[in-house]
Amino acid sequence: MKIKTFFYSLQQGIVNIRRNKLYSLASVGTITACIFLIGLFYSVVVNLQHMVHNAEEQINITIFFDNGTSDEDMARIGDAIKKRVEVERIEFTSAEDAWKNFKQLYFGDKAELAEGFKNNNPLANSASYTIYINDVNMQDALVSYLESMKGVRQVNYSSSAASMLTDFGRLVGYVSAALIIILLAVGIFLISNTVMIGITVRKGEIAIMKLMGATDFFVRAPFLVEGICIGLVGAAIPLGILYLIYSNAVRYLLGQFQGISTIVNFLSVNEVFRVLVPVALIIGAGIGFMGSMITIRKKLKI
Amino acid sequence: MIVLENVSKNYSAGAPAINNIDLKIEKGEFVFIVGDSGAGKSTLIKLLLKELEPTTGKIYINDKFVNKLKRRKVPYLRRDIGVVFQDFRLLKDRNVYDNVAFAQRVIEVPSKVIRRRVPAMLSMVGLAEKYRSFPKELSGGEQQRVALARALVNNPPILLADEPTGNLDPKNSWEIMKLLEEINKRGTTVVVVTHNKEIVDAMQKRVICMQKGVIISDEKKGGYIYEN
Amino acid sequence: MIVLENVSKNYSAGAPAINNIDLKIEKGEFVFIVGDSGAGKSTLIKLLLKELEPTTGKIYINDKFVNKLKRRKVPYLRRDIGVVFQDFRLLKDRNVYDNVAFAQRVIEVPSKVIRRRVPAMLSMVGLAEKYRSFPKELSGGEQQRVALARALVNNPPILLADEPTGNLDPKNSWEIMKLLEEINKRGTTVVVVTHNKEIVDAMQKRVICMQKGVIISDEKKGGYIYEN
Amino acid sequence: MKIKTFFYSLQQGIVNIRRNKLYSLASVGTITACIFLIGLFYSVVVNLQHMVHNAEEQINITIFFDNGTSDEDMARIGDAIKKRVEVERIEFTSAEDAWKNFKQLYFGDKAELAEGFKNNNPLANSASYTIYINDVNMQDALVSYLESMKGVRQVNYSSSAASMLTDFGRLVGYVSAALIIILLAVGIFLISNTVMIGITVRKGEIAIMKLMGATDFFVRAPFLVEGICIGLVGAAIPLGILYLIYSNAVRYLLGQFQGISTIVNFLSVNEVFRVLVPVALIIGAGIGFMGSMITIRKKLKI
């Protein structure tokens, strides 16, 4: 192949797009629509997983100490716990804090009701550590470690909350993986469908070119260029749209849901697009290329 | 140059379109193929182009054994053959210029040459002014002349023309025939399928007459033959 | 029957394809239209069919003022006109039988009649055996004859045939011409565009000769005219 | 129009599907894919909303009584509360139960630590009603009513949990409504895209029919029949697939997540399909019809 032929193919591919406006528009439209859906979906799903992960991080374990454990021992236990990989951070609650919280909870404003206990903290042994962990899945391991520690009287943890979140996270993971895979498959199917119809329309043309003595490569190259260009445009458009929608939607939703922004906590546009952009471009160009490749190959027989 | 040995072509249904034909056309010959509608003339041309495969028999073109030609090699066979198809087969989405230029681009002729040669070719068939028209904006005869220009632009060693004057007025037809004769004189093997009795009778070239898939006569200097 | 007054047709680019034509064809006439490639013959036929609108001028067919005909009424105009198109225009995805039957279905002929009439028509053009073939499985001449059968099947009062023998051998061409003459004798107005000098010269009918969009001669009993 | 022509159109439409296999397959494929996505999505979304609604139902309010409120007064208050529309059901916790729960919570197995309080229930005034409400949105109204009641010392309610769930419910509602609408729009776009390319391929044919003297209706009717048939087939296939997937997925997920089946509580296949079947069939047939209608109309001009 001469360099001239290469440039001819390139130019011809782009000219083809203009020549077959209807087909080009339809293909770009289909790719745009599919990648838009995939991207939209991906954004929703990663955010959902992000939120589940955030919620997981708020799960915690509380440990209480044996009667008469000294402050130093408590500090030592605290240090040991902090070293564990599972642990994100720990918080200390002294017996006095515990009693204050208790009073607040059970007697509310009528603090005078608690007067009976004034000098006799009924929760004298209720100093505790609250332990936040990195990953709910690690809770069981950490709990057995904590229970085995000397000086630890009791380990309180919500196995139901933890397993619920783990389960919920898994559910979200399963369902969203399934949905993304299905969307990808459907998207690829739809795009190649369009490419196929479009090129089939031109099979007469391909046959004529072959009869003129054109090599397979010569016939195919412009179609491939065309496919790739259409694919890239069809990927760039939804990326642009998604960028706008995403950044505005996040801003809007954060405004709407200030109350729960600890859990409703969105990923930044950049975090999402770091994955989305290459994936979309690869899908677009890839399918444009593959679709043309496969379909033309079928029509090249003459 | 073109050799057919015992060639038959059966389409799925009905009688064979080509039935056990033997034929030899020498380099530089000018041959008319005549015959009834449905006699198998176009089928013969498609076989030479390897657009169709013969059901049985052997075909040689320029000493290439066409039957066994590798897929990769087929384009090079076709580049030796200029063809005017009965139904023109122009590229619908390209204008006249690009249609003719395409044949040159396929064989990687330099752009400079293309820009000179294509307009020359178009004015030779009387379409210099129509170079920007698309096929559907042309009259039947104009389309036919574009097809001819495309077949001739590469100066192929073999020219196959299937009914190249079917849509042309007598004057134009004669001009085209003179052009083909001229090209033939310069060494090109020319095979013309035609129903134009007047032209065949006047030109006194070799005439092969087909009927129902077989060659019923083959005369060195013949006229149009009716099979009665 | 067919009246053109000062009709012109300009395509977007270039010289007008039809330039200020006046023409009157009476009911029951047999008319040849001849002329160079690109003279405007097919354009004229398209105007009569209201496939194209004239740029200026008036067209009347069967006393209908075609220019102002309502969209709804156009199909009924067309049902009075059987047409053989230069490029056949067969329905690619229907077989020969269905192509011809389609013309009858359009005018809601009872199925029983269709089943009798279509095969009769096909054998009249010599294609009785090919009724199940699809257009791409037919030779050029066979396609042309299917187009003719379709144009005739409804016994239209007017028949327009654009180059109906361009792909036919002389014998077939003559048979078709005899058929058209026969139909003409039964009262159908027949307009034939043709390049076939032999036939025009022999039939001694009215000959209209066009050149570059104008009528340069119109003879009651003429032969083929070269414009020199 | 004669009845014959009607049947001819019907028959011709069906024959057309076979004649244009590629186009028919592509269209059915596209419609199948789009309706599959819409249905899949709808199923996920209604289940999500269903779960949020379930979770909302587990939100509750606790009220405590003034010192020395008699059991009869408590019963009367309980009856009054039960009559409120917001209330789904209420549960009574006596002071003894409260103390038992407390001991369990704070002293765990080491019940001996609580011995000091043996005869002196420190939570003597902690009898309470737990009130489950129908809809978190009604919580505020109920709380002000409860606070205004005579004999009620304190109303404990989690305004943050309630508003979080309300907010989460709203978030799910917004996002899923947006996604469904987008999916519908994209689906309709994709399908009409395919229909359009398909029919454009046959514009030559339409022109020929018109030149034969066919009326617009005669040309159009078979295309409409074809469009509707393709639409219906394209809707029926994904409904079938979704039915299988849905019932199996629900069974599988319920098996996997037995732990949290109070929240992960799926709608039955029938509940989902009651809406999905008519919607899918209308979309399929409707778009098949409209797509053909609009596209052919454009091509009928000759």
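In order of appearance the chains are A, B, C and D, and numbering begins at 1 in each one.
The rule is short, and it goes like this: contacts are C-beta pairs under 8 Å (C-beta built on N, C-alpha and C of every residue); 3 or more make two chains touch, one makes a residue touch a chain.
All of these numbers come straight from a predicted model, not from anything done at the bench.
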Co-neighbours of chain D and chain B - touch as defined: A, C
Centroid distance [mean C-alpha coordinates] between chain D and chain A, Å: 22
Cα-centroid distance, chain C relative to chain D, in whole angstrom: 63
Chain A and chain C, separation of their C-alpha mean positions in angstrom: 67
Numbers and ranges of chain C residues touching at least 2 other chains: none
Chain-level touch network, classified as line, ring, star, complete or other: ring
Chain pairs that touch, as defined at the top of this document: A-B, A-D, B-C, C-D
Interfacial residue positions of chain B with respect to chain A in the complex: 49, 51, 72, 75-79, 81, 83, 85, 89-94, 102-103, 105-108, 110-111, 150
Footprint of chain B on chain C - complex, ascending: 11, 13-14, 34-38, 41-42, 86-87, 129, 132-133, 137-142, 144-145, 162-163, 166-173, 195, 197-198, 224, 226
Complex contacts: residues of chain A adjacent to chain D: 22-23, 26, 29-30, 33-34, 36-37, 40-41, 44, 106, 108, 110, 113, 116-117, 122-123, 125-126, 153-154, 160, 163-164, 167-168, 170-171, 174-175, 179, 182-183, 186, 189-190, 193-194, 196-198, 200-201, 253, 256-257, 259-260, 263-264
Residues of chain A touching chain B in the complex: 2, 4-5, 8, 19-20, 204-205, 208-216, 218, 302
